[in-house]
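Shown below is the structure under consideration.
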């Protein structure tokens, strides 16, 4: 029982950033814009959250500062997402390339600025105020699961809330219908009087900001600061979660949870007695191997039809 | 922007007689000179040399393994008197370069290569780890202690082995829970590993995991902020200075700065220890527990530590490497 | 006539694309309550003109007046606002969406923050009843027939309150029944006071339903005339600029040996059920067998099974006595079957390849084309240059990407390639879809000439006229079975139509 | 001069040219903002690349993996596949070379050849496996590539740590001298720069890429599948086989990078916690080069030279190397979105319009 509890709570910790970033990826891709720049957006989010929370803290905002950091990450990452949006929508650049550029630019720029701002330091100062797990009253008293699920970081709750909100928006509201139409068949949307590019701009910018929340989560819950390797590959995992989750918010969340679980399993297994005989590399490999196996056995998903194609009125 | 060199003539404060002003460069391990770990220690030593004797010092940070060679060579060609490599991952490059450039001089930290124009400095991490093992073994209330390693490689194995022996020496009943995260740079993984270990009942974790270890501190802090009481034992530098002494029980420090400072100064004074491996254990004052340890460690425990320190120094106890 | 009778007027519309003047100072008037046909060869500029009216393209010169008011149509919203709706040649429907979702897209009724799907469905139902456009509001687009999809497009415009409807080649993809129904719907729309612009290549339809016909040639208006005072011959000649021949000339067939024998063929369709059921027929050298039938009765599956693109469940296919069942497309093509596929964009061409690269799509690997594995560019260019000449493919050059060519010319590339291979059996699926009369005539001639050279031709078409004109023998396909066999000389539109609807009166015989 | 102008007039050359200039200018602006001296920085950059025969040699050494990686990504792109798994293929190639290089004893040339071949084969199979999963199970190659990168890393760590570790270090043992592909005399000529036969193989790979894709029937198949799987199927091509083959070739290119690094540069494999990232740079190189052989070669040279030169910048002008990463980012960005360049430089726009 204890073991399972540990696993689940580890799962929630690891998967929260993936959920945010995957939601971001999903929104952009649902509108037809490939987002391989999730990694870069997470870097940006981690960076902005760390410095903004740090300054908020220095200004004496105390426990409020992680929230300000989170919000700052959401807002300022627009600097990067607007680049991706302009390039792919207005200038019709290859979306994959633009994403790669975002990754290169985000990594180099943030690290450069950390060095500039903090006198050559490779990382931002440690934050004193970060998020702590909160118990939801009553619910957390439910034996066993309560402790695990209803005692988590605020960011975890926020992520799950966003899954619900985005699900609702995508599948129940006009905006969602339009967004999906734009990703499936932009010229159908256009002829129905929908501003295709405006929707794509919104989606891409939102996408960057959501992924930024993922990066910020890592800083504000586990790392307490930003270094050049704070984000190292999580964005790509989130991208995998988008595809694995079949471009559906709940699917993406499940994929992210699955991935988080696989990571948690790695820790939990290692402390067991028999694990000493198994090469550690096997545990490191586990999350990726499991994902691959599940994928191979669950089969393919259908991507939004217009994914990757700049919208061009004249194109046949 | 910050400059990666310091060549303003140091304050002439008398004690630089007989010490030549040298040009000393250093190439970091993959990582930054401000890593709050040995790269930083080494750089601090060089900056101190600049202050004390007016050495001209500069560093380069290779971005990939392939950059290491050209970076080292840059110093050699730039006419530097001594070039430091701050990690044993650079040993192969140093060996080769030293052979090709017999007139150049090199220093390397954490390595035991023997080349005439290279001064190697190596630490007996297991001895320091033994001492913090003693502290952990005597301090634990749950009889469960954790170890979080970065990658499963020989250096880190030395930490684990020394730590294990130290615990065993004073508290044979205590159980050691080991977790290698596989990475030196993933704080979140360190945090999760720590969480798992603490959940399993441990109340002290010793980490030898670089940045990943920050996660161990973060987890401990979070637990303590909610009324728990768990400890972390830091590594390389006195980590209570970074993470506070409410979580840092003690740290096992490696005096990279000391070594770098001393060897560089030796060269300036004409006693370059080339072709030698300077092994820095407890005896040589190369490893130790943090000076701030008395804050959290009980005096009788510190007494025990001193006892074992002596035993190790006079060879009564030989701490194994694995 | 007062100006208010003119719902839409174009004055001097000019639109240039790199290298072409698609519309050259076009003027045009649409009267309230009329059906106004727009006729012209492939590439004449019809679609471009309508895209301008609908705000998708902006004209380089000229003005648009709606109900006498000048309007700058800078986006489709403007057009919708002005009561203009368009049913595009390639449907603008989101496949995974339901009918209702497609219709309300962009003008969704709301219930709080949510879409009011119930209310929307009701509105859709009302509209569909009012105009006799029967659809299932909750079906997804990918599950309904092309005819149904078109109805959805029509309801979409009506839902947006369109008074003026533009139809771009609406019948190119429809079955005869569906065409009949569509024309009926148009009449009803006009009776309700709507005005319609109809683009079509089928003169019969113009004669049947249009009031006025504007003829465009190479981007210029040639003439606007009253349909009642004209005839198909006149329309066609004005469109092409020279005399045209309607009925394709051909001699009587002299069938010889059996080439293709299909026995008790069973082929699975997309949704698990069998699309072709115990089908048997044969094809002889020197004849054209036409397969008539409504879309979705197993044609696609049959063709794909014959050409190795889809597995066969049971039964046999013999080519000159040898079984080719479940062989790879490559083996079958080498055994002597050429295939003009149904979907030229999807299967027939690599759109981003040049004309010459497409010309060797089926033969690139053979000795002559790539000795030692290296493609012989000289041979490839010679071949394509010759095909361009022989088949009158209009292209700037053999290096031109086929994507930028007109549909008719794209089709010619495929036909040229498939005929050039000198097959024993030529399978031609919908070979003239979307082509203008000139191009159609050309294709038909090619098919007949193949027959006359002693090949067997299997022609699959939804167009009765085409089947009646070209085939020597007609098989009617219904629900995966041959429900009748007849010849053009002994049958009529009506009889074929009945058989295609599944009525076995034409003397049912299998094989 | 006239010729140069003519060459530049064509858009395909003009855009990258302007992109490079603008990218460097932006880099300069950022340096000024950061309080650095851009002129000194670029001087140091140039002199680092061309400063000595050693530097030229090492710049070439930096360029080789980038070009190869660009080819690996490029050939997949041309076949309609997005291979972001080159990093993993590099790891497998290195592992393969290491196994043969350390475990066998063979005469020099044979040993080296076999090591290269085995590494290339492992890389190729690793790539082909991604293609196979795509072809047979329809799984998006992007996810498989990502997973395969990590799995390759740990497989390699496992083998090195358990079977080929050099005692007391964080790396494998050294390959036998007979497996080395270094060119001793050339290294000596180039002031000790690590020159190896990978350079020749790279040139051959570029030629192979161009000839295979454009001149052979197999390349024709690859391109056809890349443009339209349906049409390829209709034309009798075995699409799954073509996909697997394309990924195999891509993997071989990736694997070769690994073998070059092991046999020609390091002679060992370090147990490192991440993959090299060269595979990701390859995406940039491939796109910058328009997925054509010559383009990839040129863009690989550009990116490699800038990357190598950036070290000189931090030594000579104390400018952090990140700036050069930014500059590379800008350049790719402008090449990928030529419209931006045209907006900012209307004269370019006018000219290129006339060209079209």
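In this document, chain identifiers A, B, C and D correspond to the written order of the chains, with residue numbering beginning at 1 in each.
To be clear about the criterion, a residue touches a chain if its C-beta (ideal position, glycine included) is under 8 Å from a C-beta of that chain, and two chains touch if they have at least 3 such contacts.
Note that the structure is predicted; figures quoted are calculated from it, not measured.
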item: Count of contact steps on the shortest path from chain B to chain C; value: 2
item: Reference chain A; chain at largest CA-centroid distance; value: C
item: Pair joined by more contacting C-beta pairs (B-D or A-D); value: A-D
item: Gap in Å, rounded to a whole number, between the CA centres of chain B and chain A; value: 35
item: Interchain centroid distance [CA atoms averaged], chain A/chain D, Å; value: 28
item: Separation of chain A from chain C, taking each centre as the mean of its C-alpha atoms, in whole Å; value: 46
item: In chain B, residues with contacts to at least two other chains; value: 1, 4, 152, 182, 185
item: Where chain C touches two or more other chains, by residue; value: none
item: Two or more partner chains touched - positions in chain A; value: 115-116, 232, 281, 284
item: Which pairs of chains touch, using the document's own definition; value: A-B, A-C, A-D, B-D, C-D
item: Of chain C, residues touching chain D in the complex; value: 18, 307-309, 328-331, 333, 339, 341, 346-353, 357, 360-362, 364-365, 369-370, 373-375, 377
item: Touching residues (chain side chain A, partner chain C) in the complex; value: 172-174, 177-178, 180-181, 184-185, 187-194, 305, 313-314, 316
item: Complex interface listing, chain B residues touching chain A; value: 1-2, 4, 31-36, 152, 177-180, 182, 185-189, 191-193, 195-197, 199-200, 211, 214-215, 218-219, 222, 225-226, 242-243
item: Chain D-touching residues of chain B, taken from the complex the two chains share; value: 1, 3-5, 30, 58, 60-67, 69-71, 73-74, 77-78, 88-89, 91-92, 100, 112, 150-155, 182-185
item: Touch list for chain D against partner chain A, complex; value: 30, 34, 82, 84, 133, 137-140, 142-144, 146-148, 150-151, 154-155, 157-158, 161-162, 274, 280, 283-284, 287, 320, 322-323, 325-326, 328-330, 332-333, 336-340
